[in-house]
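Below, chain A partners chain B and then partners chain C, in two separate complexes.
Right after this comes the complex of A and B.
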């Protein structure tokens, strides 16, 4: 097929623009220069050792990991039944409820974080770490509903009906027939939601305080004071991990259709 | 009987999720919003809004935020359409490979992604070093902490969103339509604008809406690439809330953010073809 040269040129520039910066981070992360300078000089792994040995990065990594896993699990437990109800049933007030379920994706994350901080931490005095977990769960909820809904839509209800007419209870049919059939949608939802939580800044921004911070928030505050390739090294590690997860998820589940 | 049991299962299915969002999302949100309409003396007032809205710094920041969002959206459309169109024409395996590259910026940590631009646009970054080697500049140009830097950073985040929306819209345009137009004597450019664009218009509108509203509420990119020098709505809100401890002003900015987003969503929906949700 012949495609005009200008089309190929624009597309090539777009991909250089999208991917080039990541390559740049890699190059500088091995530089023995202590300021960010191009072209990078020498070769060292010192920035990686430094990044991995900074106590605050280690603590906040665990906070991010725990918050992400807990919020993703909660959002899935709450979201799967909602997705199922919206695909299988028509009921009064469905539009209004669907609006409520999708609204955490429409309201800016900063506003969600801000209002949780004002309401819970100042009015109800609950610990900020709990607020962080609740805020993350709220923003992940619409994700899980959307991804699970779209995989439920592809799953014909016939098998489920067959199970029920053969004597299975609807609840048993849900666990024994429906869930196994939407397995890949569930895994995709889990991966997407966890990555969203792990990368989140706007919600976490307001729900972190002394002692409780997530990794991205900690990286932001580190960058305010230091201008060395430590963040390059840490970013490289994060990017490589993300690429591995996203690429395998794309290969196995075709995750890009859910994004 | 049957209705009753359906109601019971609906309550079971929807109950927990609804309660969670009510308690931990809607109520706190409404609480903060209502608070912004009450003055120190407990009387309902719009004074807090007036105080922020007449402030010249706020007005400048608001106009700047809208302007940058517009620029990013326009560039994203003009760069995104050719990219999405070409991707559609590729072999499935190649298209899949490019798709996974497109989603990479969306999936990686925003801090890491934005940090890359510090490396590129910085004082000793690749751009300044190249210019100086070529003898085009004597001193490094300040590119960080400018509107241009923020626009570049936002573009890297939102161009993929535009491309994804356009690709999924173009997937629904049958190949035959284009061939028919060509065989009936339309040239390639004419076919693109008169056939392809109208048929993928829905995806374009979705992309424009998401990119524009996303730019208005984006935080990490302007925080890193604009800093306190070039504030946007999001970084101004953070400054008011966490640095100046001016909760009222932060709330007003939050409301402005929500309203702007809602207005955009409503306006853009009018452009979407009928009979489509």
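Right after this comes the complex of A and C.
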């Protein structure tokens, strides 16, 4: 009895801790106060209008969107065959590779960002946009491998062999039988990777430069100078959009089992 | 040369750890051969090797006189019914069955015709637009069967294809398979756990154990003259007594069991004159045992552990020396409280194997 009460308390605390900031952000975005403060006072939609009208937010949104889409697509195209090879074949060094892919979070983004920065900017003089795209591809790759692997693991190898015994080449069997059956895993990987890219700060911080920034970076630098609820409004928009995308994907495909 | 030959095959899932060891098998054209054996003995592995999904480390696979050892599985024209059906979950029953035909570039109307025919054959007419998830286990099994026979393969490999069907449907499908085999002359290798199924379907049975073939023979040979202790136990010779081979003569075999002589007329084909004086094992079936001393049969005085009246028959658990034995005899139990009694086993019901 006592145990379960403590459990409920802990769960509640965790929820408050996770959801609390979102609620605060959401509430302050409607505050007529001109600095971010809690509890909010009054009600206005002015911060939303302002957020949507700031030119830099609009341009960096497009940078984030384009970088996210391109990097996610690339990471998926590279990740699917790697995941497939890891599930189906045995080769030397497989375990080490799997460990690397199994927990992308253990590789600190700062380290990657910094080394990539040095590589792209100092060594090879690559344009900032391309560097950003490549950097994001690199951090998304482990995510796509991991999610696609877990959906491939649920897919019986015998089904593929059945296609082959009926006359498909292994390549044809992959496209005709494997891909259609891991569709929801692919969508899950896409969404997870895109959100990861869209939210990324550490790697982008190193890879952006004069004139080019991503939305989170732009938001950070805005906050260095202004402390009004514009950022709250913008964050609320992003959160709501994210929830809508994830929810509808979950409803349609049940993607949460892959993550 | 037989239609399919496996010669000296070593095959398995990991290099250097073969499941099949120096495996030899030959199947004639149009024959239906069963692979029978306990779980994990390598039946599925054998089928995978023939289908080409496992490449042999050693040895050769020959089909129809051609060397198939290194031919990839998609070029083999072998029908394969997987143990777990392996239907395509994203395709309807129709598209599942049509898959192989489309791969073979068969014309559309012809596909429709052949799929309809084969679905009728497996009693699945009207299920064309269902998805596998909307079928029962038995229905899935029949789709798997239809999918593999519609391509009219030269060779059909069946991995326990009827295990999920009820008795009636199983009988029907068995008859259907027999018909296919006879009419179309398809060579079939049939994996099963079910002895009765193996006996009733196949012209020859291959009994496997731990990646090796224990015995190959007609159903009658396997059932009546098991060649090894393993096969003997497998086909129901549950009782086992150790002894020493005294004489292997044309009229019968003499075996000494702790000073008592047993006569058998069914020595294993693996025994020879050279085994005289060596350890052997006697095997007999519980229901071949007779109660009391019967003229001409081997009498043995056994201790009764318990008896279990089952109406028409009585089951006895008993022991001879250290060997636990079972008997199923027609009639009521011997009087209560009797601890020792005599049972008999006729010489033609007693088989003799190399010692275990």
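Rule of thumb we're sticking to: the second predicted complex is superposed on the first by the 231 of 259 C-alpha atoms of A that agree within 3 Å, B and C clash if a C-alpha of one lies under 4 Å from a C-alpha of the other, contacts with A are read in each partner's own complex, and residues count from 1 in each chain.
Going forward, a contact is a pair of C-beta atoms (placed from the backbone, for glycine too) under 8 Å apart; a residue touches a chain by one contact, two chains touch by 3 or more.
Just so you know, these numbers come straight off a predicted model, no measurement behind them.
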Exercise. Is the arrangement of chain B and chain C around the shared chain A a clash or a fit after superposition?
Worked result: fit
Exercise. If you stack the two complexes on chain A, which partner ends up touching A:125: first (chain B), second (chain C), both, or neither?
Worked result: neither
For this session: Could you say whether A:243 touches chain B, chain C, both of them, or neither, answering first, second, both or neither?
Result: first
Exercise. More residues of chain A are touched by which chain, chain B or chain C?
Worked result: B
For this session: Return first, second, both or neither, reflecting whether A:159 touches chain B, chain C, both chains, or no partner chain.
Result: second
Problem set entry | Touched partner set for A:177, first chain B, second chain C, both or neither | second
Problem set entry | Three-chain overlay, vertex chain A: chain B-chain C angle, C-alpha, nearest 10 degrees | 90
For this session: Check the residue A:95 against both partner chains and state whether it touches chain B (first), chain C (second), both, or neither.
Result: neither
For this session: Mind working out whether A:168 is in touch with chain B, chain C, both or neither, as first, second, both or neither?
Result: second
Exercise. Least CA distance chain B-chain C after superposition, rounded to whole Å?
Worked result: 6
Exercise. Overlap of the chain B and chain C footprints on chain A, residue-wise?
Worked result: 170
For this session: Note which residues of chain C are touching chain A in the complex, please.
Result: 51, 53, 73-74, 76-80, 82, 84, 86-90, 99-100, 103-104, 147-148, 151
Problem set entry | Residues of chain B touching chain A in the complex | 6, 9-10, 12-14, 16-18, 20-22, 24-29, 31-33, 35, 79-80, 82-83, 85-87, 89, 96, 98-113, 115-120, 122, 124-126, 129, 155-156, 159-160, 163-164, 188, 217, 219-220, 223-224, 234, 237-238, 241-242, 247, 250-251, 254, 257-258, 261, 265
For this session: State the interface residues of chain A toward chain C in the complex, per the touch definition above.
Result: 156, 158-159, 161-170, 177, 180-181
Seminar exercise, completed: Note: in the complex, chain A contacts chain B through residues 1, 3-4, 6-8, 10-11, 13-15, 17-22, 24-25, 28, 35-39, 77-79, 81-82, 84-85, 89, 91, 97, 100-101, 103-104, 106-112, 114-116, 118-120, 123, 134-135, 137-138, 141, 145, 170, 195, 198-199, 201-202, 205-206, 216, 219-220, 223, 231-232, 234-235, 238-239, 242-243, 246-247, 250, 255-256, 259
